[in-house]
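Labels for the chains are A, B, C and D, by order of writing; each one numbers its residues from 1.
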Amino acid sequence: MISSPAVTSAKEKTLAPDALARVHDLMLRARVLEERLITMYKQGDGYFWIGGPGEEALSVPLGMLVHKGEGPEHDYLHLHYRSSGTLLALGADPVDSLRQMKNTATDPYSGGRNFASHYAVKRWNVVPVSSPIEVQFSMAPGTALANKRVPGGRGITIAQGGDAGTAEADFATCLVWSSRKGAELPVLMIVANNRYGISTPYEGQHGEVRISDRGKAFGIATATIDGNDAEAAHAGLAAAMDYVRAERRPFLLEAMVSRLYGHSSASGANFVREEDDCLARLEKKLVERKIKTQAEMDAARTRLTQELLEASKRVREEPQPTPESIWDHVFAGETSRDGGR
Amino acid sequence: MATFVQAMRLALHVGEERLGVTDIFGEDVGPPLGGVFTATQGLRTAWNTPLDERGIVGMAMGLALAGQRPVCEIQFCDYAFNTVDLLKLAGAMHWSSNGAFACPMVLMTPVGAGIRGSIYHSHSFDATATRLPGWKIVMPSNPRDAYGLLLSAIRDPNPVMYLAPKALLRLKARPGEELPGEPGDEKALSKMIDAPLGDRSRWRAEWPKMEDLFVPIGEARTVRPGRDVSVVTYGRMVQASSAAADEVAREGIDVEIIDLRSLHPYDWPAIRATVKKTNRVLFLNEDTEVTNFGEHLIRRTVEELFYDLHAPPRLLAGKHVPGVGLADNLEHASVPQRAEIVAALRELARHEA
Amino acid sequence: MATFVQAMRLALHVGEERLGVTDIFGEDVGPPLGGVFTATQGLRTAWNTPLDERGIVGMAMGLALAGQRPVCEIQFCDYAFNTVDLLKLAGAMHWSSNGAFACPMVLMTPVGAGIRGSIYHSHSFDATATRLPGWKIVMPSNPRDAYGLLLSAIRDPNPVMYLAPKALLRLKARPGEELPGEPGDEKALSKMIDAPLGDRSRWRAEWPKMEDLFVPIGEARTVRPGRDVSVVTYGRMVQASSAAADEVAREGIDVEIIDLRSLHPYDWPAIRATVKKTNRVLFLNEDTEVTNFGEHLIRRTVEELFYDLHAPPRLLAGKHVPGVGLADNLEHASVPQRAEIVAALRELARHEA
Amino acid sequence: MISSPAVTSAKEKTLAPDALARVHDLMLRARVLEERLITMYKQGDGYFWIGGPGEEALSVPLGMLVHKGEGPEHDYLHLHYRSSGTLLALGADPVDSLRQMKNTATDPYSGGRNFASHYAVKRWNVVPVSSPIEVQFSMAPGTALANKRVPGGRGITIAQGGDAGTAEADFATCLVWSSRKGAELPVLMIVANNRYGISTPYEGQHGEVRISDRGKAFGIATATIDGNDAEAAHAGLAAAMDYVRAERRPFLLEAMVSRLYGHSSASGANFVREEDDCLARLEKKLVERKIKTQAEMDAARTRLTQELLEASKRVREEPQPTPESIWDHVFAGETSRDGGR
């Protein structure tokens, strides 16, 4: 087990074999899950797909390094729609993602209301992922202030988004609010830079050479890392998280990642050969270091793929939400469901 | 007799002491000013934010998601229109997470005209607010409700918007409508809780021992019973309609005034009862009149009470123009004035079905 | 027969060529995609912006203040709620500068449910839009109006919001309702103006010679004349109500459908005429039902036409919940469906005054 | 005349005597105007005062350096409510400011609708000043794009705001939109840093040492200048404007200024002795350099004060807007005034 932040040194650039094997296992599970979701979409078992294939080398180590739990003693996660690897690393059941894809009543994240990859897990402080880009960066200072208030607390707040999204107001809000002198907040801002916003390339939309440079004027610690290398990503995340945990100050981390199946099902959700595949890269490493053989890993992939195929068939039989359930949870507490009607 | 704004401050103090409020924040909310209308003077947990309304709402949402009970302020509701997406998100939090995450924040903001505030200090927010599913919306019209609704807002597990009619903030409680626990002598109260002019760095408020008063969200109040015509209103227009009712009373028109107090959920039984009683109803508010909350109430009235109506129900509201102009003529022509209310009441009362 | 979205593209092309449009912009509006719904493919002046709706609206306002004729897009109206302050400002520009500065911008945005868009691709914007004094608001329901209203929007010296019902974007013009100048053969048209799949870097649109068609802003259209009940609607609900009207026609209920086309200014004479004719009216739209534009129309109807009504006027609109859920059951329970429209028409027709 | 940008070298840190005298004259006029407006407020001849005393050393040179006129060949000005000096330097009639203070129908800027200092002058590209803080920075890229499109054009866009306002989304929007690689815009962003937002001090709200540093990550040229020294401000503005004019690229200029009468009438509108007075500083310089005597300047002040006092009496007699005028100009063109009603 390497996932406790207390024992992960930020300096380790090479992970121990068992740790790397564990990273691989989770990355593979994440990839297989996304491929299942894409297949479900293509076969008509869901209306829309968006997810994180190509970000696993970043999202999995992130989930492993999280100080997991409920409440301000633990880390808060303000994720985006490419965070399935993080959820699996936290321990999420991949079948729940199939349920959200199929918008069943059993979908624990939204009860069949929201698109795939829109997580919300109270017991792990995973606050609701919502479709509007970047709003998580406006909320992050709030959970970070709660983290900071815990005497001796080590919980931090992590907010993650894409590159194009940094043009939104909320990204600047997070920079401003987390760096106020004397009132700095323990926020780790992560930008997963895949060099695209839907169809729009990074070039032509940015004056910054590195998005992470935007932290500098605010005295925010920054780094840009190779998010397609699981070890580099792990080390970069660990270093950044250690800093935020210990210093109770913000950090802006930019990770260069891939978009392996394009933006979403709206753009076809087909594998993009030109992009660097972090899973293939890690598998090569594992073979080179003789930690796993390709055959072992291929077999694991086949097995996991089969498992999720079976699961998707079962999910197909689960109930859809009822029409009346639109009224559930409009309000917390005992308010009449529709207020005034 | 506490004023409206003192009542807010006292409620916030109770919130800090007994209801778990750890943060009261917004632009100029902390020392030295304690709010541009003094609502947050002397409060232990009040602090100044950056000039960023989106950040203010986001901070409140984050704190609420972390189980805190934040109270934030937008300095004027006129400056809340860059946060509508976040407000929608706060209202959707519990619902879209299938009940996992509540968002128990309070957003206070001064609303309405009546202080010669020109284009950007005269906006209303009731129409916009009632278009935010998942929010509760309250709008007190007097110090006692200001106190009791703020306590209820803080205790509520949902996002609650607290619209404070800025022209009423200096209004004093009427005899018999004191806040429970406030000192009898208003000079004494002022000495205790109003920050002094000049250097305030060493000033500390001295808080009276206030008692609880939870005005239920969703419950209207009959301000004035009457037989002939009903006025369903809230906020500043409660005062305006009372004056108008006095005027038409001299002509023998007996007006019933319902102060909704909560816009969502709203007290439909109270509206139904008054319409069934007088059969003539004026809906009155000062927000602009196209796609106005009063129009929702009219819609429901005609939907459910069509045959109880002895006259077409009326709306009196602000004009559909881009803002309230500064000159008195402009403000008076833009938001309902007493004379117009009087005219509407007369017309309703005299209308022959 | 051009589709709705082709009609938009053709109008934008005419805008570029003949009406002074120099910039058509928004997220993914330029090459290679030409808009997530293809509305801006092949256009000479289309370009991609940063992912910043506030910046998009601000850019349009700035260009308009400088006398240009910008057309901007918000990718989905669901993502326009962080710009409401700027939209208000654009609407106030001419008024607050006492007539000095006009702000002739067009803002296009896809609206409404019907494509299984879940919480954030199903919002409506009509209620919010009609609360923006100084704006004109149009919402076409078919390709010909999509073309003619966009040309009028571009030519108008005011900010005009163009709400495009996203579920109708692939709808084809009906025979007799072609756009003036479009090639007879739809395959030929597609070949000329639809970008190819795959590499588009060398593709250029080949534009047909389109003729002018300025559908006047503020003018409704009678989609279907009828004797018994009126439906006043717009956008996607025009189609839905037509299907419902066909259904009740079999029971002998003769429905008149008015497509408002413009929500502000709206065609009050047309509404008055239909209400006076049938004496029974359903207002129909898919935005959430509390503080809804249809409620404004009901208010005005009861204010001015109370004694023409043989049944209480009805509103059918979206449910007041935080969003439209993804599962079919949820979407169908949230926005008006044909069965509900049929039920409302029956009820109105059979109501005995 | 030194106001033509073509002849003002950015390098001159010392202005020629006649130029400096002209700067002084305009600064004095601006100060006297603001004092008259404050007096009008205090005497009940207006409901609210906000304005620019303390910013004259910045606002006056700005107005002098503007390439004045209508349309994209000329500079666009997106000002704030402390820009009276700029307007006077452009040639505005101070009496029009009194009219706006008194909200008369003759107020050319808003017809009695808006607060004092909310200018709008079509013939000089002064776009409407509006109360919401910072929105001018979202509109500025639009006029700048229009400037840029003019073949061989030298017109630029100037957006000005305060220090606290830079926390708003719009400031970040202007940074992002004006610096896009290959699509840079000729915008001069000016931050008048008086170290306060109403009652809230700069310290505690900013992580930046210098607000101008926020431009750096975007490759935007930046400077921070002493905005209380008219010559330094003139030189700084001239340099920045020359750069934007010639390079057609953005510049972020921060000027340290004073708030001489507090925030607005809401905070009393009384003279704040602790603040550095740019006009007093300039008068000292003029005396030292023997360009003007104190007596001359005092006499000018008395004369100008008297003139505006007289004018304010006349303005008092001018008509108020009529109630029906609320419907004027809701729409441009021939639309029925209230659309649909």
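We adopt the following convention: contacts are C-beta pairs under 8 Å (C-beta built on N, C-alpha and C of every residue); 3 or more make two chains touch, one makes a residue touch a chain.
Fair warning: this is a prediction, and the values are worked out from it, not measured in the lab.
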{"item": "Maximum centroid distance from subunit B, chain identifier (CA atoms)", "value": "A"}
{"item": "Which of A-B and A-C has more C-beta contact pairs", "value": "A-B"}
{"item": "Whole-Å separation of chain centres (CA-atom averages), subunit B against subunit D", "value": "36"}
{"item": "Geometric centre distance via CA averages, subunit B-subunit A, whole Å", "value": "40"}
{"item": "Per-residue overlap in subunit C, given as positions that touch at least 2 other chains", "value": "49-50, 52, 54-55, 79, 82, 85-86, 92, 95-96, 119, 133-134, 264, 320-323"}
{"item": "Residues of subunit A engaged with two or more neighbouring chains", "value": "110-111, 113-114, 130, 132, 167, 169, 173, 176, 180, 204-205, 330, 338-339, 341"}
{"item": "Residues of subunit A defined as touching subunit D within the complex", "value": "167, 169, 171-173, 175-176, 178-184, 203-210, 213-214, 216-220"}
{"item": "Subunit D-touching residues of subunit B, taken from the complex the two chains share", "value": "27-28, 30, 32-33, 36, 48-55, 78-79, 82, 116, 118-121, 319-323, 325-330, 332-334"}
{"item": "Subunit D - residues contacting subunit C, complex", "value": "71-72, 76, 107-111, 113-114, 118, 120-122, 127-128, 130, 132, 135, 137-147, 149, 157, 169-170, 173, 176-177, 180, 328-333, 335-336, 338-341"}
{"item": "Of subunit B, residues touching subunit C in the complex", "value": "54, 79, 81-86, 88, 91-92, 95-96, 119, 127-128, 130-131, 133-134, 264, 288-296, 298-299, 302-303, 306, 312-315, 320-323"}
{"item": "Residues of subunit A that touch subunit C when the two form their complex", "value": "47-48, 103-105, 110-115, 130-134, 164-165, 167-169, 197-200, 204-205, 266, 320-327, 330, 338-339, 341"}
